[in-house]
């Protein structure tokens, strides 16, 4: 979409400064690659050097950010929070393609299901017995929704996601393609030379404003629910085992795995490829750094690293020490000889 | 389903003791959360403390388990193996929803395929040339089964699983949603500045009673088969490369990866996110602990940890030693000075 | 397919030596398991010992490879590059099943899409607005292709892959089942106690001759493109985050993860389950060894291991030293005592 800089500034709650706000912009770009006709953002001092040469037509920038020299022809868009204003500009200039809201004649929908207003159900999707889809939700193509599933309003369930029976999903939830919600958890009892399957009769409950990445798997509870609190965001290819309790506004990055019956408290962050053993509690706002393996409870606010994970600073001290170990082994031998000499 | 405690005891081969066995129970719960009308289990001494306050109406417990005090109103269900009796009770009280057995008119099924009795084929599934589905098997919606695939009796293939050509699957096999069976393995020869693809003309052979988790990938053999032995259980998001030979009753936990041409012997356990390099043999009953990376053969019965994995106790000794290393470096410097002083 | 050894030799540009080249072969096998009627290959000296007992009817072998004794009845197939000749023989003897080229009446294809000649579109696939499929490409069943997607010639998109809007795919690209191309990247700004989603308005651009494994996820750019260069090969269950730039002929093995805005230069190799932090550059031909975690730029040609990854040799020296650390701690105490004794 093309807007004048003036219009964009108004839409995004910013004040134009300099340049010619009657010029138009058609798209957004980062400050290193932005060209004429584009809007960009400067929110971090380390990118300041790119400002003087930018070809962008406009640039969001904090009211408090001091600029030595503004390129001729660039309009600064002054605002309190340039990152957020810029996101808003991106959304405005690059609106998502409207999908045609329709219930595909090639979907198979149980007669006793309940469909809200203004929803979309793509071709080759199925909706099971007694399930309900809230107003304004979009179910893309090839999505399979089991029986007794409840999906809230304004949700997006992308192509080829699968949602097993009895799942409960709140409002404004996004589930990306290939995500599998509420498959059986992984539990067996070993008897007489065989693994006997633990029946999984629980479900998955996902609160409002959750986003679930592509090909992520969330197992249902054995008994009771696997739950994900409001506002939590889960990346791609994550494994979330049975009976985990994920709090609010939790961040779980790609390829992380949470085995089962864990509690991840509000605001915790699990960085990429991290893993949590079963029955572990991760405290509020705690950070598990990338590729760490956690086998014991982590306190609120702690930052841990390594496998097994420990306090970040302690772990790094050990790492630094390890790099000196080959040298230490040599020096130790030398010292031994010197002591021997003294003894003789 | 609601049963009297007496009926449930009979169904699960247990003896009621105390309380009122003519009361009813309608569901199962763990001992920490069970309420009136629920049945629970006490199988581990560490949960004994919860028994005296439980609100459960009945509790499976071993014949040999000594109880100091039984809450009034609680019926103990005495049995030899309370864990297994409880699983049976869970299955009885929470029967899985019967799916309507039908062959969907919206499935595309090759005319020369062979379909057993009492099977279900969901909408938008496809079954290729010369493939056969055994009696009582359920193929859910959106499943794609290639040519010359053989699937046994009593199997469940959940929505959006994909099974490439020539796969052979035994009886009582469960394949969860999004699992991909028998895609090409990952093999190339580098010549003249390009990677030349190794043709994968083998297949995948899965024996009876195997379970395969959601979004797990099992590549077919380059030449010959990738095989999974009877009773083995594979969790979600596992990568099983070409030409691996997985034995019987093997457990492979979530997000583990086995590169290719490995042998995983009977009863081995690969814990979560573990990885096995190519051509490695994991001996019978060996345990690869979570997040370990194995690059050499592991003996039968061994327990290994770390990356590269080594004997668990050795690895832990090293870990413990590492935590003392920063201090050792300081102490060493001090000792050096003292020796120097002695020398002078 | 059955051919005489003579015919196979001609097809694969090799010279028969010994045995009876008028005999037939019907399939290919490795040298340890090949039987009469099969062709095999000997390309590595360590398998030489298997040659004298092989039951194979023919064996590709380098012109320069010295053989002490050839089994009676075995025809050697002399050539310059036995590995490549053998691949060619495998392809010849085991041709892939021809799929019937048709556009399924059960596919939903936007009227304004552009379909090339001789293409296949499987049942229950969807093709969005203004998308185009090049000549000779095969779209299997259950594939969902968004709007404005361009797919080149001779591509294979296997069942249940999903390709979001605006993706650009070159010629001869293979995308395996369950792969998700161009879902939203994982980006949020945290404000007022909630994670605000970063709109992802970029796309994914995949060059010619790329192969993408089953259930792999490739996120689209936030602004601009995530790109994959010609000839690069990506295994199963890989996570490739937003705005990564992958060069030409790069190899990314199973379950690896690349967070975002990384540059992976031409010919780099990321071994299994490796991980790359955001904004990192991996130099040309560099090798990241299995299960390594890279948080800093890696130079061209370097080989790194560990987490955090460092030069392979340095890392292994540290590992070797670590295994001596428990002993060192003991010896150090002993030395301390000896020094103390000297001091007194």
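Should a chain be cited, it is by its letter among A, B and C, assigned in written order, with residues numbered from 1 in that chain.
Note that a contact is a pair of C-beta atoms (placed from the backbone, for glycine too) under 8 Å apart; a residue touches a chain by one contact, two chains touch by 3 or more.
Just so it is clear, the model here is predicted, and its values are computed rather than measured.
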**OP:** Pick same or different for copies subunit A and subunit B, depending on whether their interface residues overlap by over half.
**Re:** different
Original post:
Just how much do you need to spin subunit B so its Cα atoms sit on those of subunit C, in degrees to the nearest 5?
Top reply: 120
**OP:** With chain centres taken as the means of their Cα atoms, state the distance from subunit A to subunit B in Å.
**Re:** 26
Original post:
Which subunit A residues reach two or more other chains?
Top reply: 106, 124, 142, 160, 178, 215, 237, 255, 273, 322, 325, 328, 332, 335, 339, 342
Original post:
Hey, which residues of subunit C end up touching subunit A in the complex?
Top reply: 106, 108, 124, 126, 129, 142, 144, 147, 160, 162, 164-165, 178, 180, 183-184, 186, 188-189, 191, 193-199, 201, 215, 217, 219, 222-224, 237, 239, 241, 255, 257, 259, 273, 275, 277, 293, 295, 307-308, 314, 317-318, 320-322, 324-325, 328, 331-332, 335, 338-339, 342
Subject >> subunit C to subunit B touching residues, read off their complex >> reply: 28-30, 33, 81, 83-84, 87, 90-91, 94, 96-97, 104, 106, 122-124, 140-142, 158-160, 174, 176-178, 209, 211, 213-215, 231, 233, 235-237, 249, 251, 253-255, 272-273, 290-291, 319, 322-323, 325-326, 328-329, 332, 335-336, 339, 342-343
